[in-house]
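Across the two complexes that follow, chain A remains constant while its partner is chain B and subsequently chain C.
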Partner chain A sequence: MSAPASIVRRILFNVFAWAVVLVIAFPLLWMVLTSVKPSTELFVIPPRLLPGEITFEHYRRLLTETPFLIYLRNSAWLAAGTTLVVIAIATLGAHSLVRFSYPGRERLARLVLFTYLLPSVVLIIPLYLLMTGLGLANTLTSLIIAYTTFALPYALWLLRSFMKAIPDDLESAALVDGANRMQAFVDVILPQALPGIISTAMFTAILAWNEYFYALVLVNNDAARPLTTGVISMLVTSFNIEWSLLMAASVMMSLPLIVVFAFLQRYLTRGFSAGAIKG
Partner chain B sequence: MSRIRFENVSKRFGGVTAVDDLSLEIESGEFVSILGPSGCGKTTLLRMLAGLERPTGGTISIGETVVNELAPAQRNVAMVFQTYALYPHMTVAGNIEYPLRKRRVAKNERVRRVREAAAVLELEALLDRKPRELSGGQQQRVALGRALVRDPAVFLLDEPLSNLDAKLRTHMRAELIRLHRRIGRTMVYVTHDQLEAMTMSQRIAVLRDGRLQQFAPPRDIYARPGNDFVAGFIGTPSMNFLDGRLEGTGSGRTFRCGDVSLPVGMLPLADEMPEPDRRVRLGIRPEHIRIDAEGEAARVNLVEPTGHETILVFDYRGNELVARMDGDVDIESGDRVKLAFRADKLRLFAAADGRRLNDDSTP
Partner chain C sequence: MPTIRAASASLRLRSLDARYGLLGALLIAPTVLVFCTVIVYPLVSAIYLGLFSIYTPTMEGEWVGLDNYRRLLASGEFWRSLANNLIWTAGTLTLQIVFGILVALMLHRNLAFRALARSLVLFPYFLSTVVAVLVWRWLFNDLYGVLNHLLLWAGIVDLPVDWLGSMPNAMISLIFVGAWKYFPFVVIAVLARLQAIPDELYEAASIDGAGAWARFTDVTLPQLRDVLIVVVLLRTIWDFKEFDLIFLLTGGGPIIGTQTLPLMVYKEAFALNQMGGASAAAVLMMLIMLLFMSLYLSRARD
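Entry: the complex of A and B
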């Protein structure tokens, strides 16, 4: 290939790549810019990209005049609670699916994956009736249980592939060295599975943080609403959409995930590759 | 005190029998190798002794205690794995210390014993390293250290040298023998390498398809193999076999196989074989074949000089024979020579079940 042709090729490739980046990034940029524009600038014709004046008024209003902080707290509880429950069950469950031999083990593992394939629409009404029956309707607990139903199979499957990669001999060595099964699990298996556990925990937390559908159906009071449904029901009505507040809320909803992601990124990408190759 | 006894032990995995009705008694302080081809059940046997597998039948005892129902932690055995199985997230010191921590040994006692073990294995400089920063030989020594530090009643070693290069393996073999001499503990060593088994053990248990073939000192295993499997498995190159029949009795007894007819009257048989079926296998070790002007005609098919010795492959009346001779033997492929066998070293095996027919008193 001649040098000019390769340069042209590279330029074309870069133009294309940047175009894709722009398409993805522009709405995010617009969201941030809109959240700091005065409301008066929102609908000027022609539209202006950069705000004439930067204001944090919308953020102030959101935090002081609306139940935003309650929603934020609820979302945090939901993400933390779901992650805790799912990881506690999934690590032990995955260990059992990998290490113990009992009849139907492989079938059980496949069955777990099968439950993950069921669409949530199918599950939502039975779950709703179940929660009402248990007296848990409209509580954070009901949402944690609901989120566990779809996050757990996925987490189990992901962790199973991580645990499969840990050599059997390590656990055997710990047992011979004087550990009981639980100690061998805690001392040797858990530290080895830690990257997998961290990435699985992050997936679970993100799923719980972003979940909308179950929250919409199972909870309809402000005390238990998470950010996803709370912000929409508060700012979007049939007659009006509070664009400035909505954008400010969107920015603040995204921030925690971005911060967590930035810190744990290397574990997360390791998780992706493990799931991809060994799953 | 730490004698090991297997009584009619079996282990089945689903439909596969890994160990089949095996009985074996290992003396306290003895170094015993369990030798056999891969898949013969030797690792399963070791894992049952460690408590990592539960026998399907029979009893295993260590000392006076039946250990079938005891967890690995309760058996006071230490094990070195083929993969070393070092804990990757712990330092060398942490790895060696782990069994002591699980036994709730006091902190300063732990430190002292880790130092002691490290000194024996020359690991002092590596105590703060992680296993992945060590060479294969160093990892191997850490695995040994982790076993050594506990002062267990029994050491179990599962092919511990198989991942090392040849030179290091020879070195570690000597180290292990020295270690055994010094601590005097019972050691059970699983290997598929006959050289390791022959050089290190006081007795060797040869296994095949989960069944014990022979349990005897290395010399006996070589000179008085219990059956044709042991005879063929031990020794490199392996023993030559000729399948034929016995004719005549007493000193007039002859072995016939096609055109071959060899007098074997001087071999004392434990029992004279009854007439109807006298099919036997004649075993000849490669070093018991020599060139002799008075001998039997044969043709040289292949010459493999290794330096200190030469391996020769002969065509002897339609049978292939492998012989081991001096390194300076002057023979070329295609030559016609005359062969003689050391008559007192020939071994006869029953064709039906492979058992050796020569009397045990034969050296």
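Entry: the complex of A and C
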């Protein structure tokens, strides 16, 4: 093949591939564009791709005239609370599953995998009754407890595969040097596992941030509503659906994900085999 | 002499296993406790509740044994929801796999600004389903949605399409949005595997005279087999039990046109106030999933 022909082919491939990428990304692009268009431009026929003028009016209204900030605060607490609780329990648990031997250990590991795949509609009714019984209905606490049902198996599974990758010799060496096993855990295993723990924490936070179903069933007042159900209630309760407002809310909801995503990007394909991607 | 040191240490480790077993159990104790409270107890409880007829607001109920199951299996709605569930799962899964492999192959090649292209493709997966649904409902909007305008402008349709309010459009839209949201999972998995296929395999195939298509079917696909088996299993389970996307996009409508089993469970429990019947439906759904899983795993092992 002559050189110019191969260059032409490369250019054609690039044009085609980027066209595909842009089609996939178009809904998100449209979301951002809609959120900065003046309301009057929304209903121009035919729709224009680029806004005639850029306005942040919708964002201002979202933050000042709607309960968005309350939802945001709730979501932040939920993500932080769930992550903290789950990571603390799962780090100890994963360490135990990897480095100790006792009867029932393998069965427990399999149970973790099973619960990783358990449908939440099976658990929701008893959980709903449990939370009402404990007087926790409509609280963030009830959601943190409910979120552990999927976040704990997930984090445990992920951390287990990270900790398996840490060589046994490291702990052995520390033990020979006179450390007891808890000291070895704190001084040797934890620092080695830290990157894995941080990644797991971020994936867990994303899961909690995005969760919708439990929040729909367990929380029914604005004071404890997270962003997911909160923004939907803005959609349902408004007489005129204000798309620019909803698109602004969508962008705001996705911003933290972009930051986390940028951080985790390099790690995605590597973490995949460890089970990092859940959906 | 690190090897001797490590060897003696691992000997010592083994001899101390018994004493440390207690510490190991102590470390796993919080996990077991949480598992029992939020997973095992609700699971057992759901199976138990399925044997009662319970009115949600008062929580008063009576033992009905297997009546809930009998009623479910005799109701058209259950079978319709199951059929919808299978159509949705098969449809969206097929699109995810086919599209996921194609895009992964594309992103694996040398592309200008490849990192940016990858981010743009993968991002829908990390997005909240709520955001994905809001964006698509805006695109699907019958009056001002950009999708209808594009089709009208291109002359493909004469009238705006009702994407979500009529059948079979609602199911097709649902399958399509599900594919858009979840195909990046396949892309991530396949990309990771593609990077691990040794170039020599392709070179050897080329020397044997294999063209591009033959290289794909004879080298790439067999290498992808194992990862695809896992991906199909996971995505089938996750698609089968999907609630958020369907509930938010169509609400199961029109009427029950796109109602799947998770939506039926939710409706029974919290709209029709039948906790017992809902629990039975949930348990039945779980059994169907387990049956499917074991069938699939035994087939995949061959």
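Quick note on the criterion: the second predicted complex is superposed on the first by the 243 of 279 C-alpha atoms of A that agree within 3 Å, B and C clash if a C-alpha of one lies under 4 Å from a C-alpha of the other, contacts with A are read in each partner's own complex, and residues count from 1 in each chain.
Please note the rule applied: contacts are C-beta pairs under 8 Å (C-beta built on N, C-alpha and C of every residue); 3 or more make two chains touch, one makes a residue touch a chain.
Everything numeric here is computed off the predicted structure, so don't read it as measured data.
S.K.: Report for A:L235: first if it touches chain B alone, second if chain C alone, otherwise both or neither.
M.R.: Only chain C is touched by A:L235; chain B is not.
S.K.: State whether A:L143 touches chain B only (first), chain C only (second), both chains, or neither.
M.R.: Touch status of A:L143: no partner.
S.K.: Pick one for A:L62: touches chain B only (first), chain C only (second), both, or neither.
M.R.: A:L62: touches no partner chain.
S.K.: Touching A:D187, do we find chain B (first), chain C (second), both, or neither?
M.R.: In the superposed model, A:D187 contacts chain B only, not chain C.
S.K.: Which partner, chain B or chain C, touches the larger number of chain A residues?
M.R.: Here the partner covering more residues of chain A is C.
S.K.: Check the residue A:V21 against both partner chains and state whether it touches chain B (first), chain C (second), both, or neither.
M.R.: After superposition on chain A, A:V21 lies in contact with chain C alone.
S.K.: Which partner does A:V36 contact after superposing on A: first (chain B), second (chain C), both, neither?
M.R.: A:V36 sits against neither chain B nor chain C.
S.K.: Applying the touch criterion given at the start, work out whether A:S172 contacts chain B, chain C, both or neither, answering first, second, both or neither.
M.R.: both
S.K.: Touching chain B in one complex and chain C in the other: list those residues of chain A.
M.R.: 169, 172-173, 175-176
S.K.: Which chain A residues qualify as touching chain B in the complex?
M.R.: For this pair, the touching residues of chain A are 167, 169-170, 172-180, 183, 187-188, 191-192.
S.K.: For chain A, which residues count as touching chain C in their complex?
M.R.: 10, 13-14, 17-18, 20-22, 24-25, 27-28, 30-31, 34, 42-43, 45-47, 89-90, 92-93, 95-97, 99-102, 105, 108, 111, 115, 117-130, 145-146, 148-149, 152-153, 156, 168-169, 171-173, 175-176, 181-182, 206, 209-210, 212-213, 217, 227-229, 231-232, 235, 243, 246-247, 249-250, 253-254, 257-258, 260-262, 265, 268-270, 272-273, 277, 279
S.K.: Help me check something: in the complex, which residues belonging to chain B touch chain A?
M.R.: 47, 50-52, 71-73, 77-79, 81-83, 85-89, 98-99, 102-103, 146, 150, 156
S.K.: Given the complex with chain A, which residues does chain C contribute to the contact?
M.R.: 2, 5-6, 8-10, 12-13, 17, 20-21, 23-25, 27-28, 30-32, 34-35, 38-39, 41-43, 45-46, 49, 59, 103, 106-107, 109-112, 115, 117-132, 134-136, 138-139, 141, 144, 146, 149, 153, 180, 182, 185, 188-189, 191-192, 195, 234-235, 237-238, 241, 243-244, 248, 261-262, 265-266, 269-270, 275, 278-279, 282-283, 285-286, 289, 293
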